[in-house]
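One chain, chain A, appears in both complexes that follow, with chain B as partner in the first and chain C in the second.
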Partner chain A sequence: MSDMASHGRAGYLPGFLRRADPAVLTAFACIVVLLFLGSLYSRNFLSPEYLLQQLKVASFLGVIATGMMLVVLLGQIDLSVPWTITAGAMMACAAAAYGPVGTALAMPFGILCGVLIGLVNGIGVAYLRIPSMIITLATNAVVQGLMVVYTGGSSPQDTATPAMRYVATGSILPGVPNAVIVWALVGIAMVFLLTRTGFGRTIYGIGNRERAAYLSGINTRRVVLIAFAMCGGLAAFGGVLLAGYASKAAQSMGDAYLLPSIAAVVLGGTSILGGRGSYLGTVAGVILITLLQSILSVMQMPEAGRQIIYGIVIVAMLLLYGRTPASR
Partner chain B sequence: MKEWRYWVAEQRGTLLACGIFLLMFAIYTSNHPAGFTANVVETAANKGVLLAFVAMAQTLVVITAGIDLSVGMIFVLTNCVASALVVGTPMQTALGILAVLVVGVLCGALNGAIVIYGRLQPIVATIATGAVFFGIALLIRPFPGGSVNEDLADTLTGKIFGVVPASLVLLLVIVLLVWVPFRRSVLGRGAYAAGSAEAAAYMSGVPIRRAKFAAYMLSGLLAAFGGLFLTFFTYTGEAAYASGNAYTLFSIAAVVIGGVSLYGGRGSAIGAIFGALAFRTIGDLLFVFDLGALWQPLFQGVILLVAVSLGAFGLFRIRNRLEWFL
Partner chain C sequence: MDDAVPLLRMEGISKRYGGVKALEKADLSVNAGSIHAILGENGAGKSTLIKILSGVVGPDEGRILLDGREVTFASPAAANQAGIVCVFQELSLVPELSVADNIVISDPPQRFGMIDHKAQRRIAEEALARAGAADIHPRALVKDLPLSRRQIVEIAKALARKPRILILDEATSALTAADVAKVFDVCKRLRSEGLALLYISHRMNEIRELADECTVFRNGHNVASYRAGTRSDDEVIEMMIGRQYSHVFPAKPDSGSASKSAPVLEARSLSWAGRLHDISLTLHPGEVVGLGGLDGQGQRELLLAFFGVLRGLGGQVLIDGKTVSIDSPAAARAAGIGMALIPEDRKTEGLMLPMTVRENLSFASLDRITKAGIVDRDQEQELIDDMVRLLAIKTAGLDIPVGALSGGNQQKVVIAKWLMRQPRIILLNDPTRGIDVGTKQEIYQLLRKLADTGAAILFYSTDYDELIGCCDRVLVLYDGAVRRELVGAEITEHALIASALNIEAEGQSAMQEVNA
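Then we have the complex of A and B:
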């Protein structure tokens, strides 16, 4: 359907627009509109410092949404992201308490915990065939339980290591925050993985029709398992970065990232049913969400209004281009 | 096969949930210091009924092969509305209750409209509407507070004739007034049909859109009963984000334990009620066995994980490996 529609317009559009997904274009158009609205409210909104600051804040969500996108491309979803983020942050900070070795291994250890959570999810989805929405909710509850037992229900006293702080807040290139560089590296790796490797093509294949991929001789279960492990690892990495940013971990610090990460992926034109979507769209979605949050907080909107507007905007944008075809 | 065998086969999930609950409750009461007394039952019933309402609400949506991740937020929102409106003279109280229920139905209708007529995926749509509902709840109750008609609250959370918990009677009445008529109506059957094979149901002329819409609206109504009952139970309203999320999660757990298929088209709200009661009892077992409160989230999570993994046993019955990929 949409293919035919885009062929119809092909005559008068320049090449790069013809190839682009209309959803991604809409997302970028919405970003421009948000920037315009923001600049009406405050002149600082278009200053380079402010925009770089926004990009830095966006990079945490960007890393987390990258993992979420992998899973959504498979036609699955990962609802264990909130506590995977928290677990990654807490475990990295906890490792820092164990002398110089612990400090050196803090970041890998945090990420490893996320990978383990992802592996549990992946085994449940790929091998036990449990719907991903359910198994990830369950692992989320288990990880929450583990963290509550570990911390005793209050925020842990451990602090982030200097390396974590440097990665999240420093800037190795003058003017460019490290977090943005990290996001860029993760993004480049993901684009390479999705478009240039067999693994990436397999992910799209499974998202379209797992049966067909299986019959084509692909070990689909292993691919699903790896994708979930990567999603867990990236979510934990996002948590490690957040811990570095705030210089410590906190209870339920990940709760604020579940809806944004899913929304960023879906607003970027990735089909929630799997098999369709580009990383460029996810980048647009992440920036869009971050700008929206930023504008709402600049306007000093109270939390209640922020939640309402946020929900309405996401539904409205999805209604613009995220609809599934009618059952005819 | 005899008639009753078909009935048992159809109700297997419900009967299993009922069995689990009875077993758990027997363990619970036999280890409880006070034993099997009316007060123990009353407390357990009050807590269980709260979750049972939310689980029934979840069931209605799950039957149509959807999922409602905003159900906990509808519960929180109606709790806040009830803490503001269900006060004063009997007449005012009645109008307040009516208003609370209308709010619930409207929330359900909004979800239904977005999912069915807007054709968005239920997961994403209800996460987003959940944020809206929570925002409205926060507008109504920025800080925990409010009050409720305490006479009514005490009646509905107390005991009838000093023995039977009133909450269970209320639950039974609502099952008889809401669930049973829906299950037997054309719309109810349409909801099941839409959940089990939407395309086939559409081709057969089943009014699937209306049926699904009705299911979403009734789901909102049942969640509102839950919120109302929470207000009777606590006397206050609170826009608690964590509590809303927890109830959404627990409702899914209860639905799974209650034998409702998450792929839609199979299961009943009765099963979900027993699932909810069983889930609550399992959580309470910790206290009678004297484990710390800190362990409770982990324990509930593990129970949930085990419960959802049990579904994997169906894999052993699969003969053709292609059936892995539904």
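Then we have the complex of A and C:
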């Protein structure tokens, strides 16, 4: 029956759309609608400057959501993202205080800290069998505590290195922000990982049916561990970029990214239960969330109203997607 | 007995699951104040009949008459209302709750909207006393009770619902001898109180002792009803078998030729968690060895034990005569061991249904078709083409979800994904369950072909025909131990059923206890 339906639909869709997930198409359609609504309010919404600026802002979320997507595809979740971001930013800035060597190693060091946090999550989920919702929440709290101890509770005095600032705010190609290029590179690597490597196949396999993957002789625990480490690393990388963007790290700078990173992944059609989703969808979800935030703030909605509308829109969109029959 | 209107009549009950007929025009008549035993081998339709009677599933056709009036049950609760209560084989108790909580769980007594603990305790005590277990404290937690006592609580829970018809489905399989005797006393007392009891058991001696009436099921139909004690065990077994077989099996090689070579797999006194007891066996290249016996006698656990899934395994596993420690499926499939397991449930253990046929086929071979982690698509395609050809997998394409394939083709994909690794030892867990006859025959041919090319095959099946038709040897398991080994011409349905039921059948040759 479902076979017939999908064949029928394919009949009137142009070729390149035939293979696309309906959820991804919906997400892109929502982007177009948002831009249209924005342009009714102000013509500036369709200007190249504005769009490029949005893309730049989106790229920070994009890098973070990339990692989140990996664990969501496994059917897990990473709630330690907020303070992994902050820790990545703070540790990178802290390294910058240690002379030229520290400056040179600032970015890798920040990312390494994120990988370590991710490894703790991964060991907890894969080997100790703690539900990811619990262990990552706990890790988040521990990292928050460690960062507060490190900074003494106030925002640290260290500043971002020039390299961090250049990666986040410069533009090596005229007109194209470096942050966007970074996101593009991360995205291409991710698409390659998910579609062309054995590791990518096992991620989908475990997300669909961990038992079947295990009985196929896959070392499922190692795959889960690596995915969480990558998620931590990418969140910290996002934090490093944000620190470069703002020139310094700040307390709870990552808090604003937890819901958007999960929402972007899920709005992009990745099943929150794991096993299904494409990176193109995550790209759409990230842009969608960024535009929504931007339009709400341009409309000079008071902060409280913005939060309410933002939350309602996300729930509404998720309901919309949730009603479409799952392919399983 | 036939003069009065029976308490329960089921007439012309049919039920299909997909293409599989579970019941066809089955009749059953049960009188009040009697114990009625239902007999039949695996898949004869007993459990489907019970499910229909207790409202778990609805029949496709046929009617159920209670006191001569037609009834339909939309749910187990409706059946309970009508006085039909089932004690299932799988325990349905919540371990963290107390005995009393469990007994009244479906309908707790209430006062002012809150649970009336006094009334609850009284109901529980009454039910426990009726079940002959007044020594169980109603406030004890179920998790603190041993398994056999839990089964008694299960019966008490059923009695608290005031049944007129009580169904006991393998209710004694977890019980110790002392508890079985208690359950029998309870059954006999309930009979004298006028209840009708439907008793399903594989233990012939229990049925001899307890039952008044017996009905034998075969192939989804009731083939005979008789008063208990009027037929011998052998006659009963004949009734359970007596059907025509249409399977086509490949010719077997001369028996014994394979077992002369050195064993590729050997087990020495394997035991595990009270489910496997001291199992020793050898498996030689080129032979197909069957695992027989009733469902759930440790066959699955044995296969999982070899495949490295079970933790805390006692005993030794030898590959090519050398002791190995296989601690995961990844280790079991590795070079040097080369083991494959076709799991029991293809939908949850064998396949990722939403993923494509291609992804599923190559999933167990990803380590072989990747170079530096990247999938070599040409090599993948080549291997997949080979497998699709070898197994004649019918699919509309390789990039459709494997869940869209028919059951038989799905099972072929599961087998193909392992054959792609060219395993030396192939373990199969009931691989033909729920698939069409044509595909079954293809699988039989394939197994023999694989054995002829030197693979060693260990094959669990709940279908006795398959064991007879496919296997060079059959090990019959009972209660987690190898009870009998049947070789070559000894593998007959009669011998299989007799040893599966663990009774000495007439004409049985010298017992070949493997683990003497």
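The criterion applied here is as follows: the second predicted complex is superposed on the first by the 317 of 328 C-alpha atoms of A that agree within 3 Å, B and C clash if a C-alpha of one lies under 4 Å from a C-alpha of the other, contacts with A are read in each partner's own complex, and residues count from 1 in each chain.
Convention: a contact is a pair of C-beta atoms (placed from the backbone, for glycine too) under 8 Å apart; a residue touches a chain by one contact, two chains touch by 3 or more.
None of these values were measured; they are calculated from a predicted model.
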Quiz item: Is it chain B or chain C that touches the larger share of residues in chain A?
Solution: B
Self-check item: Contacts of A:Y166 with chain B and chain C, given as first, second, both or neither
Solution: neither
Exercise. In the overlay, answer first, second, both or neither for which of chain B and chain C A:N219 touches.
Key: second
Self-check item: Which of chain B and chain C A:R201 touches, first, second, both or neither
Solution: second
Quiz item: Of the two partner chains, chain B (first) and chain C (second), which one does A:G275 touch, if any: first, second, both, or neither?
Solution: second
Quiz item: Should A:Y50 be classified as contacting the first partner (chain B), the second (chain C), both, or neither?
Solution: neither
Quiz item: Counting only touches as set out at the top, which of chain B and chain C does A:R211 meet: first, second, both, neither?
Solution: both
Practice problem: Identify the partner contact of A:L318: answer first if only chain B is touched, second if only chain C is, both if each is, neither if none is. | Solution: first
Quiz item: Residue overlap on chain A between the chain B contact set and the chain C contact set?
Solution: 211, 214-215, 327
Self-check item: List of chain A residues in touch with chain B within their complex
Solution: 77, 124, 128-131, 133-135, 137-146, 148-149, 152-153, 210-211, 214-215, 220, 252, 255, 258-259, 262-263, 266, 272-273, 302-312, 314-315, 318-319, 322-327
Self-check item: Parts of chain B lying in touch with chain A, wherever the complex brings them together
Solution: 67, 114, 118-121, 123-125, 127-132, 134-136, 138-139, 142, 198-199, 202, 241-242, 245, 249, 252-253, 256, 262-263, 294-302, 304-305, 307-309, 311-312, 315, 321-322, 324-326
Practice problem: Note which residues of chain A are touching chain C in the complex, please. | Solution: 2-3, 196-199, 201-202, 204-205, 208-209, 211-219, 275-276, 327-328
Quiz item: Across the complex, what residues on chain C touch chain A?
Solution: 307, 309, 328-330, 332-334, 341, 343, 348-355, 359, 362-364, 366-367, 369-370, 373-375, 400-401, 403-404, 417
